[in-house]
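Letters A, B and C name the chains as they come in the text, with residue numbers starting at 1 for each one.
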Amino acid sequence: MKLFTSVNDVTDINALVADALALKKDPYAHQHLGKNKTLGLVFLNPSLRTRMSTQKAALNLGMNVMVLNIDKEGWALELRDGVVMNGTTVEHIREAAAVMGQYLDIIGIRSFPGLKDREEDYTEAIFNKFVEFCGIPVVSLESATRHPLQSLADIVTITELKTKARPKVVLTWAPHIKPLPQAVPNSFAEWMCRAEVDFTIAHPAGYELCEDFTQGATITHNQDEALKDADFIYVKNWSAYEPYGQMPEVKDEWMLTNDRLKITNDAKVMHCLPVRRDLELSAEVLDGPHSIVVHEASNRVWAAQAVLKRILESL
Amino acid sequence: MKLFTSVNDVTDINALVADALALKKDPYAHQHLGKNKTLGLVFLNPSLRTRMSTQKAALNLGMNVMVLNIDKEGWALELRDGVVMNGTTVEHIREAAAVMGQYLDIIGIRSFPGLKDREEDYTEAIFNKFVEFCGIPVVSLESATRHPLQSLADIVTITELKTKARPKVVLTWAPHIKPLPQAVPNSFAEWMCRAEVDFTIAHPAGYELCEDFTQGATITHNQDEALKDADFIYVKNWSAYEPYGQMPEVKDEWMLTNDRLKITNDAKVMHCLPVRRDLELSAEVLDGPHSIVVHEASNRVWAAQAVLKRILESL
Amino acid sequence: MKLFTSVNDVTDINALVADALALKKDPYAHQHLGKNKTLGLVFLNPSLRTRMSTQKAALNLGMNVMVLNIDKEGWALELRDGVVMNGTTVEHIREAAAVMGQYLDIIGIRSFPGLKDREEDYTEAIFNKFVEFCGIPVVSLESATRHPLQSLADIVTITELKTKARPKVVLTWAPHIKPLPQAVPNSFAEWMCRAEVDFTIAHPAGYELCEDFTQGATITHNQDEALKDADFIYVKNWSAYEPYGQMPEVKDEWMLTNDRLKITNDAKVMHCLPVRRDLELSAEVLDGPHSIVVHEASNRVWAAQAVLKRILESL
């Protein structure tokens, strides 16, 4: 593996999930792979789970890790070609990425969408330029439209905890006070559409995701219908794809409560975190026996470690 | 040891001090203990000495270290239960601490007091929630009311440099231009009250510390009387406990000078640092032969290493 | 070697360059040297290349690394002696440096000039105080007037890529929109004046560098004359030395283009980076076959590793 930016970079999802679960049982068995290898984690946006879990995964593999917080203010990168750099940007992504590629063996990059220009966000302009110019293997730490390490951890979690061969998995929209990216739901959807699950997406009208990611899913505006007999519920807010980045008519009753869980098949509740309590998801669910959000977060380590291991093996 | 938040977590102070001094002589003898173990250092407030010395201590023990600066602005944590998180906080301490506990083996946390609500500060609300929710051993890197790694380094320093079995140790208030926490003097006092020293606290009227920490000390408003025959002088500013966080009538003449050292027993002068020169402590004392502040700071490594070693042994 | 702040700390440049090139071939042969040794990288100003390359160099040598971003706002250091610290500075450089010296084996420091007070900048007030008070070997990560790790990487690059015994090397001024330090050109000049090259400096009138650094170079205001038959061109902007920190009459035609390269001896083009495209240096040159800026940046690792190795050997 030379690139991990979406499910399309994975030839056999089941094998990768099995790898992650094997690493969970025996985390330190491959430290020779990472010896004298350096992972750079470049954050253009803040991170807690992704930073810690990916760093831990790399350490488990014997790698060195450098964390770089490249604030858009502090070290502003120029992304456009053909401009005279007489403004606020101090370095072009062409040089910055190429130089990082000289010092690192693998690079992880986080770059959120601006949520203003859909074309720019959905072509993954920033992310793809890093990939193009750095010249080394790249792992997405969440890009404008996808969060594949999260999705891999999610499918690892479902595989680990499912009690039937083909569980019903529901991605349900949740309220929020500000427009969030579609990266997590896009990514979760495109992984679930390829997984051995029955996959349903529930959201209010106006919150349709881009069809490139949801092909094959059952989509409904009726949350109750979706939740019925669900084995896993994935709760997440996102802003509209059309009109892009907007928040049409927020429906507070979309917040999941214990009462609503009754119609499920004793469902396990997931969320990628951070979660706003009693806005996105009720505190009673988060503190109750249905929540597996912390367990899900812990699996971020094994997802990242499975991916880094594959890349190290290919160096 | 599963927790290091105050002197009350230590069953035998002398044994812990002896451990620290043994580690000073042979720092790398226990690197097997830390192999594949990760220490997380979480700073809600800035740090220089604590960060570097604790990181060094962990490296000496063979551990990995992740440093997390969780600025209250950048990644604002919600601390209150039962609130709808529709404001500026992005994650609840329940989830944040629990997730960190999944990635780390030991966590060190720094959280200063607000100095506005004494009840909130003195119940250690933030700190105790981290301990409650993270589920792994916790080391205080300075909480609202205590700085136990500093105090342990202080008693290590006194033990190392004392020239009599029971030295006279004086904690003396010093001037400052803004209200500082009581954490360092509280903590120093509660350790000294249990140590084999004659312990006196000198401060202007109005700067009484909370009695929970000073039980057993001689307390006076007369600095000269306190300094007489002192073997060690611990200089520190703090704000009032009552009215909480205020600065009644700052007494500039409380700043220690060479002249005032004459009435001591050739006393050694300590300060936890950072120190404001010629405000808290005169430059002539800091640059003179009585000052042991840098030596004291160097002992922060061995204090931290002794504590981390005990915790690693109990994992 | 106990100090690396300028070319004057190097007794044999050729031997040091040879060391760097040997390390490039065999990076991990000296990991015993760095075992249980800690390098501290202290940044009073931002850094990308210097931070990453020096960290990588230290890891190659088996060292531990602590990175400290000491923002002048966040942890303001007092540099002046004899002042009452009742303002915004929280710690004096005397204590801060001395304490760091207790926790580290080698310290690297970056401190840019203020470009306001030439006397203060050119006496290296901040930098020299760190050296004086920390008590351990110091490596400059760029000071007010020099950037020796960059210059060493530059001479390594020239040595590696030259096709004749004594190449013609030209340092040429480039336009910019704001006043930059003279550290890089000063430093490059003083290394080149001691190297086995024909060295020419070209700049517009008013941009004369301090003669202490340029003694022995050919200096001209005619860029074309300088570029003629050049084998290496080092492009860099700097502000005036007199009147200090000013930008007299910016000449846009000083920007290097492919057309201008025709009069050179198929010259290789260097720049320390970051570079502003189509302002300092044309995009066509940067993206063309003459540019060696990324290769030059990659050599920062071996320059830093050669210096750290020498210092480790002397501990």
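Note that in this section contacts are C-beta pairs under 8 Å (C-beta built on N, C-alpha and C of every residue); 3 or more make two chains touch, one makes a residue touch a chain.
Here is each chain with its UniProt name: A, B, C = N-succinylornithine carbamoyltransferase.
These numbers come from a predicted model, not from an experiment.
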| Is the contact between copies chain A and chain B built from the same residues on both sides or from different ones, judged by whether over half of the numbers are shared? | different
| remark: Here chain B maps onto chain C under a C-alpha rotation whose angle in degrees, rounded to the nearest 5, is 120
| request: Just give me the whole-number Å value for how far the CA centre of chain A lies from that of chain B. | output: 39
| task | Mind pulling the residue numbers of chain C that touch at least two other chains? | result | none
| remark: Seen from chain A, its contact residues with chain B in the complex are 27-28, 46, 48-49, 52-53, 55-56, 59-60, 177, 273-279, 283, 286-287, 293-294, 297-298, 301
| query | What does chain C use to touch chain B in their complex? | reply | 36, 38, 40, 64, 66, 68, 70, 74-75, 78, 81-86, 89-92, 94-96, 98-100, 102-104
